[in-house]
Amino acid sequence: MASVNPAIDIDNTNEEPGTRAPLVLGGLDYAGVTETVCAPWEAENPPKIWWLILAAALSLLLVLGGCVNHLLMKGVGVWGNNNPAYWGWPIVNFVFWVGIGHAGTLISAILFLFRQNWRTSINRAAEAMTIFAVVCAGLFPGIHIGRVWVFYWLFPIPTEHLAMWPNFRSPLLWDVFAVSTYATVSILFWYMGMVPDIATFRDRCKSKIGKIAYGILSLGWTGSARNWHRYEIAYTILAALATPLVLSVHTIVSFDFAVSQLPGWHTTIFPPYFVAGAIFSGFAAVVTLLVPARALYGLQNLITLRHLENMNKIIMATGMMVGTAYGIEFFIAWYSGVPNEQFAFINRAFGNFWWAYWIMVTCNVVIPQLFWFKWCRTTPWFMVIVCIFVNIGMWFERFVITITSLCRDFIPSSWAYFHPTGIDIMMLIGSFGLFTTLFLLFCRFLPVIAMAEVKSIMPHGDDHH
Amino acid sequence: MHETRPAKITSDVVTLNDGHLKAMPLLLGIGVIGLLASFILSMFSSAGGSAFERFSFIYLVNFCFVLSISLGCMFFVIISHLTRAGWNVTVRRLAELFAMCAFPLGILFLVILLPVLMGYDFVYPWNQSGWSAHSIEQAEQIAALDAAAKPPIEQLKGAYLNPMFFSIRAIAYFLIWGAMGAFFLKTSLKQDDSGDVILTKRMQALSAPLLILFAVTIVFSSFDFEMSLSPLWFSTMFPVYFFAGAFMSGLITITLTAMWLQKNGRVTDEITTEHYHDLGKLTFGFVVFWGYIAFSQFLLIWYANIPEETFWYDYRINTTGWGIWSLILVVGHLFIPFLAIMGRTARRNRTFLAGAGIFLLVMHWVDHYWLIMPQMDAYGHVFTFNPLVDIPCAVGMIAIYIAIFCFVAKNRPLVPLKDPRLGEALNHAVH
Amino acid sequence: MADKNDKDSKLVGLLAQFDDPDSLISACNEARLAGYKAMDAYSPFPVHGIDPAIGIQRSLLPFLVFCVGFGACFAGLGMQYYTNAADWSPIFPGYAFKISGKPLFSFPANIPVTFEIIVLSSAFATFLGMWGLNKLPMFSNPLHRISRFKRATNDKFFLMIETKDENFNRSETESQLNQWGAVAIEECRQDLTDNQLPSWVRLVGLLGVFLLMLPPVMIFRNMGMTSRSPRLHVVPDMDWQHKEKTQVLSPVMENGEYLFTDERAMRKPVDGSIARGQLEVDSEMYRGVKKDYKAAANSAKTNARLVSASIEDKEDAPVEPDQADQAEDVSMWMTQFPEGVTVDQAFVERGQQRFNIYCSACHGYDGNGNGLVNQRAMALGANGQAQWTAAKSMHDATVKDDSKNPLGRIFDTITNGRNTMGPYGAQIPAEDRWAIVAYVKALQETGIQPATASTETDGADEEKQTDADGGSDKEEKTS
């Protein structure tokens, strides 16, 4: 039986060129990794704090359920959406959640293709987070369509009495395909990556029900070399497919805005700028979740400071890409010489919603600059604060884009102001309940860290790694 | 299990080994003759504008083509340090050398810059008033107006697009690129002697702020050099488009140069199939990225259908000649290479990869031609391609570029000799 | 132990345990060199370098995925072509509908969905193809019965040489494995007595399939039948509402008569009723009519106008506009601003802002009657493509003349419209209308004259227009 070393933060962030800093600390061997990851799952009862958070999350989920029910009974008028702000908070929330849902697949796919070994400790949780974020994201446009019970009209299903098909020239329909494809492929990717680890659970499980459940979920996995061979190829192919997919999702979300003619929406840089923003917010969400999770489950030896520091660097880099895009937009608005464009951007910064704009700039561009300081990006509690600000900023970015442009379109007589209703606010808060509930259940019942992948990057024998 | 190679250079020859002394006069000769021939032949070219204009345009195409290669290589160097990459150490020196070439290219830019300063509008129409007009007659009317009576758009953009400010910016770009290229090359060369790890750390530490500087320069230089050729047109995506092509061509140039050097018995041991495979993968990735950016930019403008933007594409798609050129670009720059280098076998075959690389470089040239040349006769919609003018200029410019490379490379080592991550690169294997 | 089980079980292979990946690889290499082919290694993670050691050929999976993706590309494009452009099909025809100025089959707009379909199909091909080629899921594997093998998903490494290999020899193979460094060796046996599914599992399975088939069978049965009962409404979808729709006949009572004798479902408000917040008794503020003006003492037109402002009029008393205008008594209109408004700079600026929003489209920013709508309509009118009465210039002598066009009358014009101009009372609150009046007066005071060429042309057109109308509204024109 391998001993599990006490979990404390060891500074492995300094990497002398020519050597590679270890990614698994505490002298863990293969069995040690298994023990560390399985320990919280094998514990009789989850920690008290888990129950407390679950209770809070479930009550928020209840709030969400109540709001959705109220909405379905009364209609979309319960939201603050008005004329001309036809897209209010629901769409802001949708883009916000979809954006968060980008980090997981990015870590699993793009970092995998770039052979960034440090991804192995965090990819599982990040992928799970992705899927739960996409669930939250899918909720909002789902209920935004008004008559939810005919949602299947969104898909090309032949119907006799309707004699109609979806309009494939509409970016909103592209969104349906992009988000549903993304959710499906993310689940496939997540599940496929989890099968070897579920097999570990199967082989360690004590309860009868657990044995059957994990036995079925692990599909009879044995770890055969022939299976691993095809498995690795499949993993690479899925990563290669997921990489353009993850770019395409937020690109298509940006098309929803950018194919229009509305000043502030129609600008060609939207696709890469939205993707950068999505990665930015997604990584911030991963850090926000993993820092408490590793403390709670004693995973400091696997999710090390180096992992966190790397993520913070990516947050800083993508934050600056987003900042650059803000700058380019402003410059081109001036350079274009189109008065509507110029007004749209001046209005963003100094119009009715100036406060939202400056919250966005502060949180997205100014605050991440703290990560230039090593202390800031290697101190867990501090980085969580920064990352929460980043997520606030990214929510406001979507708010600024959606609302300011809609409320100030071409005809001054149709200008208006947007006020959210209580339902709007409760739904946003409630969606966090849904997200947290799902994540807590994941932490309890599924392998939080990809054990097999972590083991594959550990040094062994006389290997040169 | 493969054996671990010691972190030592084993090739017999790791420099150009005086090859550049022979090559440089020849290359410069070809270059000067090519450019002269192109200039003379452009006098007989009937497609719109004067000989100066015709030549300046094709010169700018080829200039931007080689400049983008250098900028792509510069990005390769910066991103390598930023990510502490180990696998690519053995090809990083080539990138450093090509990046350094960006500074001497500044001298070649004088051919464009001096006429701008003298007030000619050979290439940049904003240098003479009347550019916002839609016909020559209208342009002449505007040109006759007082400064205060000019169309507001010309007055507005004049604050940015004027010869003085343009020149200051251009000089600043080349100075910044020169300083950045020199920093990385000098530091890396210093490490060849000392093997000091602190030098790597210094380059890593500076790579993040330098990347920001690089981003700013590439954004505004792409606006200035290429987008302002059509001063009425604007697209926020343009710098990303420029960058995508630049990085792709940089990767290909590194690959091709390495292959060519190895074929001539230099750095034979250090660069392996594994490195080519990975360079090929990155190239593939950026072929797709280029397609993604190009498509997104086109789709947004096509879909919104706003006349202020669509005229730029309308010209390139709906006029004789340019329509086919656009089709060649889409098929040649995206679909063919996508299918060609998608497979693992294709990327591990040197001959095939070299062929694909040359093809992609040609397509990259086609891309810059497509961006720049249609602006030559904005009223007449003339298809300008004339191999007699265009090819000598391209050959000449590329010859000069290689001569610059030889001049920069001298007898300097073509791989970092004592990089602390050399061992990692030598033992690099694609699992 | 082996003897006892010989009848009930079959030897599948010999399983050797190793403690680290490197010894597993070297053992695999030895086994391959010894001529074994039917063997497999088991490890908790993919061990690099094991493929050549066991002699695994590169999988065909990438090629399979490529083929699926390539097919999906055309399937995706085909689907979009069919659904949006092909309306020739006899069953489930495409819905060819022109929208947002895009062609029915718009290639650029179809790329995103095509891309998503390629990725989705390829991902499923990868996922299912991988499991299929791996012959998984397979839940009955003799390896799972070996307790030692549970460590294969944790920290131990195994090599199994199967009995079906032609070089397999129970004792010789075992000694070879020992020689290659196996830590432990165990027999892997397949249980022959227990290879049937328990009968209750089959029963439950069959029952499940049967129950699942019921709904589609019922739906299909009902689809081919006619029925007298009304359609099943799972969600009412506002199909039934307790109201009558506009412009329909009155509901019919049980005795067959209409509920409302005029046979209309739409009702008028009770005479004299006024909607909440719209009492507007202050005639100066809301109608621009002097408080002490006696309606009854004056013309029918004024009477009608006043009555109609507060009470729905009788159908039988239409007022002919021409007569009314001829009979107009200018003295009824306010010549001052009402008491409720204070005319100061802010008020006029408010008026300017409102004027620019609501009025300038036709009347122009300078009030010359030359707004963009007017220009365009005049241009169309000149080609005979539209009928258009030119917008009034604020600087027109009659418009400017306080005696003919006092403040109250301008207010009334904004509120109720005049001639071809529509009413703006519903859009603009009364205070703002007065602000516009103030701004209009200010505009007139600036003295900008309709001197530009275009305005003169407009004037000429206006004349022509009037002539065409037969000159009957000569009076109206000056109003």
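For reference, chains read A, B and C in written order, and residue numbers begin at 1 within each chain.
The rule is simple: a residue touches a chain if its C-beta (ideal position, glycine included) is under 8 Å from a C-beta of that chain, and two chains touch if they have at least 3 such contacts.
None of the values given here were measured: they were computed from a predicted structure.
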Middle chain, criterion being Cα centroid separation: A
Most remote chain, CA-based centroid, reference being chain B: C
Distance between the centres, which are taken as Cα means, of chain C and chain B, whole angstrom: 42
Distance between the centres, which are taken as Cα means, of chain B and chain A, whole angstrom: 35
Cα-centroid distance, chain A relative to chain C, in whole angstrom: 24
Per-residue overlap in chain B, given as positions that touch at least 2 other chains: 1, 299, 303, 305
Junction residues of chain A - those touching two or more other chains: 171, 244, 255, 463
Numbers and ranges of chain C residues touching at least 2 other chains: 22, 48, 62, 102, 109
Contact set on chain C toward chain A in their complex: 20-22, 28, 40-48, 50-51, 54, 56, 58-59, 61-62, 65, 79-80, 83-84, 92-95, 97, 99-100, 102, 106, 109-110, 112-113, 115-117, 119-120, 122-124, 126-127, 129-131, 133-134, 136-141, 143-144, 149-155, 234-235, 237, 356-358, 427
Interface residues, chain A side, partner chain C - complex: 2, 29-31, 34, 147, 149, 156, 158, 160, 163-171, 173-174, 177-178, 181, 184-185, 188-189, 192, 196, 199-200, 202-204, 215-216, 219-234, 237-238, 241-242, 244-245, 248, 252, 255, 412-413, 451-453, 455-456, 460-463
Chain B residues within the chain C interface of the complex: 1-2, 295, 298-299, 302-303, 305, 342-344, 431
Chain B-touching residues of chain C, taken from the complex the two chains share: 22, 25, 48-49, 62, 66, 101-102, 108-109, 111
Complex interface listing, chain B residues touching chain A: 1, 4, 83-84, 86-87, 152-153, 156-157, 160, 197, 200-201, 204, 208, 212, 215-216, 219, 223, 232, 234-240, 281, 285, 288, 292-293, 296-297, 299-301, 303-306, 308, 419-421, 423-424, 427
